[in-house]
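Before I ask anything, here is the structure I am working with.
Labels run A, B, C and D following the written order; every chain starts at residue 1.
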Amino acid sequence: MDDKTIGNGSEEVRIGFFICHCGSNIAGTIDVEAVADYVRTLPNVVVSSDYKYTCSVAGQDMIVEDILKYKLNRVVVAACSPLLHEKTFRAATQRGGINPFFFHMVNIREHGSWVHQDRALATQKAMDMARGAIARVKFHKALEKRREPVRQSVLVVGGGIAGIHAALTMANAGKKVYLVEREPTIGGHMAMFDKTFPTLDCAACILTPKMSEVGSHPNIVLWSYSEVTEIKGYVGNYDVTVKRKPRYIKEDLCVGCLDCIDHCVFKTGNTDDEFNQNLSKRKPVYIPFAQAVPRLVAIDPAACTHLNGGKCEQSCATACDRQAIDFEQKETFEHIGVGAVIVATGFKPFDAHRKPLYGYGRFPDVYTALEVERLVCSSGPTGGDVVLKDGSKPKSVGIIHCVGSRDHQTNRWCSRVCCMYSLKLAHLLKEHTDAEIYNFYIDIRTPGKGYEEFYERLQEEGNHFIRGRVGDITDVPIIPEEEGRMIVRVEDSLAGFVRRIPVDMVVLATGLEPREDASEIRRRFNISCSSEGFFLERHPKLAPVSTTTDGVFLAGCCQGPKDIPDTVAQAGAAAAESLVLLDVGYVEMEPMTAFVTEKYCSGCKTCLPLCPFSAISRDEEKGVAVINPVLCKGCGTCVAACPSGAITQNLFEDRQIFAEIEELLVHA
Amino acid sequence: MSSIQRQIRFESDRDPGFADEIRAMPGCELIDRCIQCATCSGVCPVSTYMELTPRRIIELTRNGFKQDVLNANTIWICTSCYECQVECPKEIGITDVMYALKTKAIQAGVEPKHLGPPVLFKEFYNMVRKTGRMSETQLAVRSFIKSNPMQMWGMKWLGLRLLKTGRFSVKLEHMPKPSVLHTALDHADRIDGRRAK
Amino acid sequence: MKYSYFPGCSLKATGRAYEESFLSLCKALDMEMEELENWNCCGATSFMSVEMGAAYALTIRNLAIAEKAGLDMVAPCGGCYGILLKADHYYKKYPTVHESAVKSLKTEGLEYKGTVRVRHPLDVLASDLPPRALRSKVKKPLKGLKVACYYGCRFVRPIAPFDDMHNPETMDLLLKTVGARIVDYTMKGKCCGGAMSGAMPNVAQEMTYLILRAAERAEADVVATACPLCQFNLEAYQDEIRAAHPDLKPIPVVYFTQLLGVALGLDATATALNRQIVPVEPILREKGILADEKKQPATAGV
Amino acid sequence: MPENFEPKILAFFCNWCTYTAADLAGVSRMKYEPTTRVVRVMCSGRVDPQFVLDAFAHGADGVLIGGCHPGDCHYVEGNYKLLRRFRMLRRLVASLGIEPERLRMEWISASEGERLQKVVNEMTAQIKLLGPLELPERFREWDTELHEETFDKEREVVASGQ
């Protein structure tokens, strides 16, 4: 075969090769001039040059100019990862007047200079990789991106502050929003907080207006007590199934008068109130808290006598003059179509039982931070009275930072918010009890607007700051003043000696971790997790709210621990990214789909069950397989399986890959 | 004596090779991970008696302040109960570091000559190397003679109590065949973290 | 059930009540303990403090001998148990330890492949007996006896193969099985001072004081231990501790094997109760566990 | 075995997991052996057994296939399809007399840069011990042998007068 004429049609293949120094990132380890010199000797290569920063405007212009000057019809760039700059160079190729898919990229930075030390071997590897690309690009074809319309609606999963803010932003932009929340009310963790740092705004005062706005917004469909069970389709066109759990209340009839709660046969609560961190009891028919949205009661099937098959006069049902209570209610499923998805499923507080050292669950007056949030809150279980389990007021409180965080035995990461919320709780506890407050910390981290100033304020308020992670909490006194109290044993590392500090109350600043079901959610939405289990953004700096799945965005603590300002900012960003997608109105589909060459297809049906997207069907008339390009996502599994080689995947054609393999191994 | 002394360390006071020697000993490889959180000192049952808390030992060791570390009473007070090691959030083998430092101090000959623990360790070592077993009474007597002979008087009641309950034995215990152990131990490497030349 | 038995040095001296009670208990439960041939001292904390290479070689030698026997190796002393376990672990983890030990073992024609399972009597009694084997043999349940189980350091630190590192419970469960009431106190895993009791008596005695005090406050009648060093430190120095802390009442400190023996109705020689410095019989009689008959003369053998 | 033998490992990495993991290893500057030559595919399910055989036939000393962990496939189940094929392929390769260490399949997720480093280094070390595969050279030898054999046979046939 004549090499000069391989390719699309009969024209001569003219390849331009460009290798990037990336400053010293590549050139420091790989002899780029040698690679350029070598590639120049390969067949069909018309021009081969190196450049300091190929991705710069000047670098791209060089490619465009060379395409015109040397009448190039193929371009190969050896630089960084295609996941970073393939788009850039495809665009440059297009500007040179040729189809962007006549371009191929060689990764010699992430897979080369950054991971190897031996200059000769790294250079050899770069030459091999370049040769493989040169061989493959000859077989490239002109391809067109297909456009698909985008549905003008969005699914927001999770109704914490992230989901609320994202939903409102989208809804205010005129888009239809489906907000799905697992609990009976939206509000998330923020609704449980008393005040917010560093401004000490009342959390409820700033959150509940947003919650009611969600509840009444004409563009928002709010499904609480519901879960997304299935999502199919692709960017711009997702088909979603939502399971609506029975709350045993007809939502359209309930007006939230709460008469049913008053008339429940249980005169006081019979089950732990999750919203109050189990510090109080609630009835089986309940509303999580006064400002819950939607303002609908729910009946807890685990606590309700009737739903457990017991005998009950069902006084709640008779009390409701609108007959809204329906014990026969079953779960239902809603099917919706959306253009984008914002995942805002939040976090789980670290379980303090996992650090037995601190005596949580052993000593009655060891609390988690979230429990203390409820204790200091005037709508909390004690009406805002900070009292110990025996009813007395603490005279001395120890706040232990970094519980579960920065710890190889539990979670390695810094949870980012604990320092600041500990300071806030220190302030509130001081205000409520006038106790001596001891903060036991490793480092105080206050990177935020007004945060360091808040720390200073706390210092001036007379709080104690002891730099040392607590080693022991004991009830064995060695001097009389320790009698009957918990004694915190800690090295005051700035003073350089060990101290024993008797306290009446211990607060554990528990860190943030991924929810237990994070990995289930991740699979459902086809996104990735970082090693610790938080959802992975597409790029840590440049695409912080996108995921590897187009049209699925992240907001809030499901992506990593963050405070309320950052969460709201990220939720806004996720909404903005979704809006871009919706407002452009169409998505360009990558052309790497598969197609069947009819004359080779024997109609054996091997491929049919392989496609997870049901993109392949059989034309019974012709007896051949047909691939629907709209449904095909371009994985290539059917291509590899076709016994007669009738299926081709654009950009990953057999002849392209074989050419690449063989040339990669020339020097082997 | 009462003149005011300058309290400062110069770079020349450091022995960077020392930190490497310790890092190379079993269990000591993670000392650079320490964030000085002080959990070790907080949980250590005897840190209250130490001149330098375990946290400071780690910091001084990794910075090569050999003299400060080897001369502190800390390493001899450590009872090797491993509380620090299992609670360390960075999973540093703190107890192993203490062992490593003890061997270094004895190698360098800077261990306190009349402090109970180092005297006990050396007596124990010599006895076990010779007989293969440890004989409690003999060991106690030998250690007391070298560290604090007067203490033996205080122990006389204890001795009597043990005698009365049949737990006192002055016999020197030994393995049936200690010679095999002598040869075996002579052929073990000295694991002291020093790079082979 | 047959095991290799590594007594360790203390069980032949101050801790002989442990050996006596443990071996009679094993006999009563049909567990065979075969003492390791020509065993040597595990090295304890002391040897390791002087020379590290020889220290690991010393410990691993015992493992190599046990490997030849092909049985699980039972080490009742907490110190021995912890050190054997750690040596086995480090032998596999650190090439320096491995190479040194291999060279040393070779001189005796030994090798260690790393297959020995080091066990503690607590582990063996709790996991290896058929269900209800212990309970069915109980003749004198320890009804009403309030026991503070004291674990100390080495069963669960730095490696905890059979119990919770932060809240060990095996001894509690065993003694509960024979009818004892277990009191809860926060010092059960704290260090007793170990080998320092002789070398730094004032330091060690403060540590034991806190443990005994905590047990006393929890209203324990007796403290149960599973290590000769712990037992010795907690029991033998009570008079000396009382000099500094007159509030400390005498409290018997026994081996858990002694209590199990009592519950199984084993005789006084088998349970070695006569070796107590702080006698335990009075409280056992008071609770009606031991018959309140004629006082037996203290006939301690040497 | 030639001195300083540097094995060539042809690697097929899926775009979403293992290729990204390799990028992460790069960004984290994790050093590993410069022995791999990576072919990027969108999904490990695209890896055709013929690719693997072709790689060996053209001189690869080893072939590494990297995909997403089971259940994590970007295309739902492409990696399961690979797994099925791989089982067959492994037997085929073994029957060709190629050592099993030379063909490896690994699930490496986007966050497991460290794992990628470990796998490449491990595989390189194993193949260095095995030495070069040199299948093309062996093919040439076999061809010659085959030629000679047939030639001999033909001669025999001619000599026997048929």
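What we mean here is this: a residue touches a chain if its C-beta (ideal position, glycine included) is under 8 Å from a C-beta of that chain, and two chains touch if they have at least 3 such contacts.
Keep in mind that what you see is a predicted model, and the values were worked out from it rather than measured.
Comparing chain C-alpha centroids with the centroid of the full set of protein C-alpha atoms picks out A as the closest. Rounded to whole angstrom units, the spacing between the C-alpha centres of chain A and chain D is 35.
The mean-CA centres of chain A and chain B are about 49 angstrom from one another, to the nearest whole unit. Averaging Cα coordinates per chain places chain B and chain D 53 Å apart. Among the residues of chain A, those touching two or more other chains are numbered 357.
Annotation for chain C: no residues touch 2 or more other chains.
Inter-chain contacts occur between A-B, A-C, A-D, B-C.
Contacts from chain A toward chain C in the complex involve residues 356-357, 359, 362, 474-476, 478. Put simply, chain B touches chain C in their complex at residues 24-27, 45-46, 49, 77, 79-83, 85-86, 93, 95, 99-100, 102-103, 106, 115-122, 124-125, 128-129, 132-137, 140, 143-144, 147, 151, 154, 157-158, 161-162, 164-169, 173, 175-178, 180-181, 183-192. Listing the residues of chain D that touch chain A in their complex gives 6, 8, 10, 15-17, 19-20, 22-23, 25-27, 29-34, 36-43, 45-51, 54-55, 58-61, 71-72, 74-78, 81, 85, 109-112, 117. Considering their complex, residues 357, 402, 406-409, 442-443, 467-472, 489-491, 493, 496-498 of chain A touch chain B. Against chain A, the residues of chain C that register as touching in their complex are 166-167, 185-187, 210, 213-214, 217.
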